[in-house]
């Protein structure tokens, strides 16, 4: 019974991961690749991890699996958001068949958002030393 | 398996040296890092590798019940990795500072200290 | 077919294939963002591989590594995007 | 507690380093802690030396794990001697640094790092474990990097990039050698390795392994053709740093070579040829390198290389007489080279230049100081009976008995060139009338310093000069020490038994 | 790169990662982990926080210069090695154990304090390096 | 104060889960550990009301799961077929929620849902820029988000 | 005797501290030191002439066979008396000569040191001990020649002199050690009895060559003579003392000392006769072309040294006696001439013999001394010079085969020496006093008395040869192993020797009146300078310097990549040679390898490609990211091969490194691609061979049996003794805790380094290395 559950979960999980892989390979622009991969992979990994939890079938493993899933759910979207934003600022073009771009012109030519405050010293002002 | 790993280690050594032989500061550091990885893997390989048997004594047991992989090379590599990290961090900063002060990135232009004065 | 065989002959190959595809994207780029996305995904798949491997070898210890990967891999992504943005700002 | 005497120098230096870090940026505390600590360290080192001299090899099994399972620290006569010399040089440089290093550098951790370096040196001399030696090497390397770059001047950084890269390369080769050795024997304890390596059937691999160690340590000892990092960098940091580098850093490599090639590997015919060829070319390259330099610190740097050749020569010939000569030279060289770089520091403090072309007039202006400086200078040359003379006797003698005529030629040649170079330096720096040197504003000229700071610079030079003179005139004692070390190295059973508790 | 999203997430992740780092530290003697990895995770937590909130924020958070952790950690490790020398007649670094089994940690011994020292040093080192770099870029 | 206490309890719980031991001592240790850590790092944040949250959170979780699977299938279709049917674009979604926590949660959930990706939040926290693979028209898309995730998040935090 | 030797050194050290008091008139008191010693050595004449050998043995470095063994026999006594006697006069003379010089104390210090060294040299019975003093004479000579250290010419001469004599010193060292190891002792007196044994040793020739090298350089034999004229840059007392009377005779002393040990072999005699013969004539001939008084004296000194070597080479009874006498003769008249030259120089300000004339009118005692010395140098009876010259002819005529030619050579030399002596000792005083010297006055008593004493001694001994015959000369001949049956006589009757003397006299005096020293001659000979040994040596040394430059630049060329490739090439060559020349071929055991799994291959493949990608990447960030992938692949590898701790650490550190890179990358240089195609190929080949070497080594090691004794111990005891289950961690914190403690220290120092590197900014004036 456990074996079958594990097998099913793992299969589903790897399938979603495969999906993400195909996505990143096929999609025509950076944003699409990102949009496709984050979730598919997250779901896939979640399923595989659950499979492992089922397989080991003890409290400490389960809590660890839960922890990993929570971490991934927390970090994956944040990461995707960061790269997405960064690549938009870096000037990566949208796919030519895109229908709209509400962000167009929201960032200055220099790339920094209008009025955005400085954090970890974005510009590298080399001191003249 | 070992033969592939050995080739990989050779590749790391070769790539490391090749990068060090370039004229760019950044490549130099990357080369050093690759070499370090090669050396660590070499210790690992020559300490003999085993699959699926981490050197952790199972719960409830006082010693290993089945095969285990050699913990000593692992400990050595761990030490080596951490030390390399320290050195690499310093190297990265050194390069940054050197680049800033010497105002060139071409290693070939950094040869004033070898000239006679 | 035992569970182990199933994992070994079906699941791991699928994951490996995915890794190869993602790696191809990594090599191909074309932008640095694509590469970073690819690396991010590689790490994620790596977590899956480790999870499967831990079942294969009956070593739940390996899940701890998966945990670390999940936590820290993220930071790499943050750093890269930080850099991509910073470079643009220069 | 007393049983731990062997590692007292380590414990003390570690404690000092930590204490100094806690006194971050309180310079005057740091100076006092450092000097006082080093005096204490000298006491401990003398104590250790006497104990070893009277009772033979002392060991400490760290963590109470019997060798070869834990890490063993062992002080045989060789180690104890080097620890003793390190304590002399350390005390001298500590005081010299207090006087000469500018506050800006002192505020950025000069003293803690310096004590970490001393810790590393002592550790390298005392450890009985090969991987542990690697770790000690690394702390020596990193501290030397930091000391080399502290201040971040252009020349420092350019030199440091080379120093860094080549020393890292040495570490990698060392690590590679350790990997091979572990793969062959499964052990890291040097005494244990002695028998385990001998038992390895595949002698080719053993030889390959030995060569890897040779290259790794060779880079660190700055032998031909592996020395390039040294002339590129030794003249760039503050003189106090050059002093400890020039005196001790390359010697750790030599120590490691001597230890490894007497304890673990035997020097076969091929290795002997390689070592002797290296020795000849090192003597040659170092000597002629020194001739063409005009920066006094560069001159000394090349002489550092040149004189490593004597030690390698002794190792290559591998007779007890030769080893004794090499060790005598090692002892002499540590004291003298440290002293010479301090001398160059004082000269710099007085004139703000290191260039022989610009320097001059010391003899007329500072007669007593010149006389003092003459002691290390002419000790280096080995004007008999000063300290550099004695080891050459053993080395040439060993050369005759092993029929290495080319080597004798190289030894005499390099002695001659050393003589020539130092005499030329004497002419340029001390005799020649000084040209008009520009007066630098705000430069902390020696003349402007307060007397305690002057004393902090001059007393260590006097201190080491007295030791040099002792080595020269008390050569019998040093020779019997060197002979005893040579004997212990070639007949290592006592060391092995002490380490393995047999 | 100030984004609300990252900043908010980092506020959650910092305590999580820190707890996790201590967890990794304490169980190191029994399972994978230990002072190094623990320390690295802890420092990564702060680095993440610095990325999200700016360096000044993170520095204010820590309240003291992370460099202080280096001598402190070294001191703890060193002293835990000295304990057997000072209080028993054993060698330097000999594992000295409190005779009773303790909850959470298991056996309490110098090895644990040694590892805690390692942890602190690693945190101190990593943060010093990264903060210094951030300040001077 | 309360928040801090809650955070403390939450961390204690996580600790217990991580170590897998509910032994009294472990709980106490976990409590003091998280207390200490919070003491080190606290700067005041969040104003979650944990107790009321729980039931809503559970229903929310299932809603999310549903969306996740649905979207994944959609993407799977896109991947599996040789032709591309997508009509991607970036849409600025005006926000009714204002707290950082809420916005973050919304943005993350959008990102986690296949086919969409939160790119940025405007400086004034009024607009969330979302990238999506399927945009038929702006209003439908914006409504979809506001009716779905945003509404539930608002309920969760109220 | 030790006290006698040390007194010179003690005197010098005393001057370091008390030098201030030695200024002015008190300086003359310092002459008491050599005087006391002279008297002390005189007191031994009786005992020594009776054949007694006085010994003193003090242990110094017995483990190297070096002890302070002193013996006083005839030879040593002769030299000791010269050293102290002439030393006494020179010390006194100096007080006036250098009156008012700021550095008079230093000068006396060096003189004292030299005297001590010289005494040590001639009194040592231990060869190594002798070597020490030998070197000390070179060094003190260096300081004395360079006494006028602000003059570049002085400095150069000092260095040249030290370079030549110093290199000879190293030959002596090598020879001494070889001789010592052949003979089994360093004691000269013990070696005498081993003479036969030594000359049969295969090393005999080497020893002789080395000893000759030392002696010829020290005693300025052709072609190593060229340092001596330059050494005349030294103040005249130095020229007198070192470069004519004592130090240059150290080589002669050495040869005499070794005559009973190494002599009586053909190679010994022939070489010495040849070298001595060439030197004596070559140098004597050179005096014709000199106008500087000191130059003339320098060459005539070289000539006389040649004569002495020549005599030692002849080696017969006459020759050895002649040598002993000639040493005395030369010391007496040449010292006189030098001192006179010093007086002339001091009073007139010139040493140019073409302008000097008529000085007898202003300084008649000096003129008298000069005359006596010149006469003695010419070997005119009844001076002591006559005794010497006679014996030389006796010696050459005694040679069977070449006697005739050698005699002619000797006559020619003596003619020229006579000429030189007359030019130096008589010419400046003859003729009309030029106007510009009219204000020249008598020198101080301290200056003219010493040459006078020496000159009169020359006459005295000439008239009463018995004064030195049995007391000094015969013990010398005794000591060098000759049979001393000869008696010194001034009148032998009308023999052919007398005829030869007469010829010498007539031709010499004729030459003096015919030839006038002139600058024209001097400049003419200067055209031949390019083949002079000095210039050839200087040319060779400049070639050597160019070579040094070239060699140093070739290796220390400033290019880091060249350094790295040299090192790697060296490693690949020696390790590769050792690996590829092994007898049994490679022992790679493929069967012992596990089966590969596909996922391992995929990880390896990805890692491999990433490495390639790192190498070929065109942008910095891409390379860094690819390096990250390499790290992650390694991490997975660690997982697969059962190293969870490593995997964790590798992953964390890899990420941190990436962060570091990213933080500093924008301030790092853009990627460069400057190496040309050829360079890349060469580097590629070198790198690949290095990588291949490592792979081969790894594979071969894997075929070796495994020893797991230590790992097993860890596994067995990790929990039982160290109370931990993660064995890796137990090793880190317990079994090998020392490693870890240092490792965190490394980290700490690295952090401090980063901190100081980035935060510390030196103020301009704090920067070292402005030059």
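By written order: A, B, C, D, E, F and G. Residues from 1 in each chain.
Here is the rule we go by: contacts are C-beta pairs under 8 Å (C-beta built on N, C-alpha and C of every residue); 3 or more make two chains touch, one makes a residue touch a chain.
The model shown is predicted, which means the values in this text are computed figures rather than measured ones.
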Chain E and chain D - chains in contact with each: B, G
Interface with more contacting C-beta pairs, comparing C-G to E-F: C-G
Most centrally placed chain, judged by C-alpha centres: D
Chain whose mean Cα position lies farthest from chain G: F
Chain centre separation (chain D, chain F; CA means) in Å: 62
Centroid distance [mean C-alpha coordinates] between chain F and chain A, Å: 14
Separation of mean Cα positions, chain D and chain A [Å, integer]: 55
For chain B paired with chain E, centre-to-centre distance based on mean C-alpha positions, whole Å: 24
Of all residues in chain D, the ones touching two or more other chains: 14, 17, 21, 62-63, 131, 135, 138, 142, 145-146, 149, 152-153, 155, 161-162, 165, 169, 176, 180, 183, 188, 231-232, 235-236, 292, 295, 354-355
For chain A, residues contacting two or more additional chains: 22, 34, 42, 58, 60, 64, 67, 71, 74-76, 78, 80-82, 85-86, 116, 120, 122, 124, 126, 129
Multi-partner residues of chain G (at least 2 other chains): 556, 558, 560, 564, 640, 644-645, 647-649, 652-653, 655-656, 659-660, 663-667, 694, 698, 701-702, 706, 708, 710-711, 714, 725-726, 728, 732, 734-741, 743, 745-755, 757-759, 761, 771
Chain C-facing residues of chain E, complex: 1, 6, 17, 20, 24, 31-33, 37, 40-41, 44, 47-48, 51-52
Touching residues (chain side chain F, partner chain A) in the complex: 14, 17-20, 68-69, 71-72, 75-76, 78-79, 84, 86-92, 107-120, 122-123, 129, 131-133, 135, 138
Complex contact set, residues of chain C against chain E: 61, 64-65, 67-68, 71-72, 74-75, 78-79, 81-82, 85-86
Residues on chain E engaged by chain B in the complex (per definition of touch): 30-32, 36, 122, 125, 129, 133
Interface residues, chain B side, partner chain D - complex: 20, 25, 28, 32, 35-36, 38-40, 42-43, 45-48, 72-73, 76, 79-80, 83, 86-87, 90-91, 94-95, 97-98, 101-102, 107, 110-114, 116-117
